[in-house]
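Chain IDs A, B, C and D follow the sequence of writing; residue 1 opens each chain.
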Amino acid sequence: MVIVQQEIFDSGAVIADVAGQSTDIGAVVSFTGYVRDFNDGSPVKSLTLEHYPGMTEKQLEKIEQEARSRWKLTDCRIIHRFGTMELGEPIVLVVTASAHRQDAFEAAAFLMDWLKTKAPFWKLEETAQGERNWVKERQSDLDAANKWKD
Amino acid sequence: MVIVQQEIFDSGAVIADVAGQSTDIGAVVSFTGYVRDFNDGSPVKSLTLEHYPGMTEKQLEKIEQEARSRWKLTDCRIIHRFGTMELGEPIVLVVTASAHRQDAFEAAAFLMDWLKTKAPFWKLEETAQGERNWVKERQSDLDAANKWKD
Amino acid sequence: MKILYFAWLRAQIGMAEDTVDLPKEVTTVDQLLEFLISRGEPYSSALADRNVIRVALDQEYVKGDAALKDAKEVAFFPPVTGG
Amino acid sequence: MKILYFAWLRAQIGMAEDTVDLPKEVTTVDQLLEFLISRGEPYSSALADRNVIRVALDQEYVKGDAALKDAKEVAFFPPVTGG
């Protein structure tokens, strides 16, 4: 399930919801990404995420289907926020559930690598000095996503 | 931090605690293992974990130190329960926090692979028919742990 | 045709959405980019570096040689940085 | 010396903890296992398959050739199945 929202979310509540659904789940893996206080060495005060409404949901749903086709998942949740966020706030959540831990781990790592390189979001950082900078694509993210290609 | 306890735990509360500590955390990965309703094909009613008090804590702390030496972690939590647990209850929790997602993901996967093969716990399953069986070591767990060896 | 711009492309061009009547010789994404650049500033600067422009046709990623055909919406944006 | 048994080893031997006086020719883990087996049942059955017995000396994993030396506590148990 894919949710794109402005509001803050609670990773623990999502994990509990996923785990509480059935007793054939052996493993739940979660990844939560937070607004960090610096990026590439500059101190960050807040972060604004712009996105492409419509395309975002479409791409996230495709990514979820791809993960479900590659691994045996009992459940899969993706929550991604947009708008302005303060330091320490969560930005993105991926939760995967499976009978076995490898499926849950690999699917979550895969989803994050693809979100970083395929989901139409753009980060605008505001520094302590009031500068606003668009975050640059990272080669390490592209490399991470490439390793999942067949 | 390592906790070995009989009581149930709340993965979400631990994640929130880890994430709330500092604003240089970019990524928090959690793994929660649950009591599943079947194992190797037999329906399971409940699970009892026996452990080796003293050695358990010692081994878990060593495993945590090993993870912290291999990856850059802001925080690392391991909670492992012992005693009798019902279907769907959590057994084990690993939470790793880092500036970057790869460190958090790899450290969590590493910790789980080592917990499965090195932490002195033994699972006794009770089936719906009232049979009690000691869970057998899995070759797939040994293989998973071996891939982390230098 | 509806054209959308995002992130610093939107900021540089100074609008999020535009509608253009395509000359009939403009049939691919790359031809559309050339056509926009030919209109001068702010397009010529904002769209100058083809390497940093990603394209979606009706919300699906496409390459520069993709045919515009009956697409309703084309979007230009920089490499994504979500997650 | 204190000897601990866990899981099905504990169940088969029928006790979790034992204390034995070691003959002085028993100086390694494997010699201790042989000594216990030589005492007959339930040790001889429970400890028969060396491949499924793991050993810890003072709460650290060791191999069969490890010297018992001044260790206070030796533990025998099956492969672990936690996590």
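Definition applied: a contact is a pair of C-beta atoms (placed from the backbone, for glycine too) under 8 Å apart; a residue touches a chain by one contact, two chains touch by 3 or more.
In this text the structure is predicted, and so the values were computed from the model without any measurement.
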| item | value |
| --- | --- |
| Partner chains shared by chain B and chain D (touch criterion as defined above) | none |
| Chain A-chain D separation of Cα centroids, rounded to whole Å | 49 |
| Centre distance in Å when chain A and chain B are each reduced to the mean of their C-alpha atoms | 23 |
| Averaged-CA centre spacing for the pair chain D and chain C, given as whole angstrom | 73 |
| Shared interface positions of chain B, touching two or more other chains | 33, 112 |
| Touching pairs - complete list by chain label | A-B, A-C, B-D |
| Chain A partner contacts - residues on chain B that touch it in the complex | 10-13, 15-16, 19-20, 23-38, 87-88, 90, 99, 101-102, 104-105, 108-109, 112, 144 |
| Contacting residues of chain B [partner chain D, same complex] | 33, 49-52, 54-55, 58-59, 80, 91-92, 112, 115-124, 134-137, 141 |
| For the chain D and chain B complex, residues of the former touching the latter | 4, 6-8, 10, 56, 59-61, 75, 77-83 |
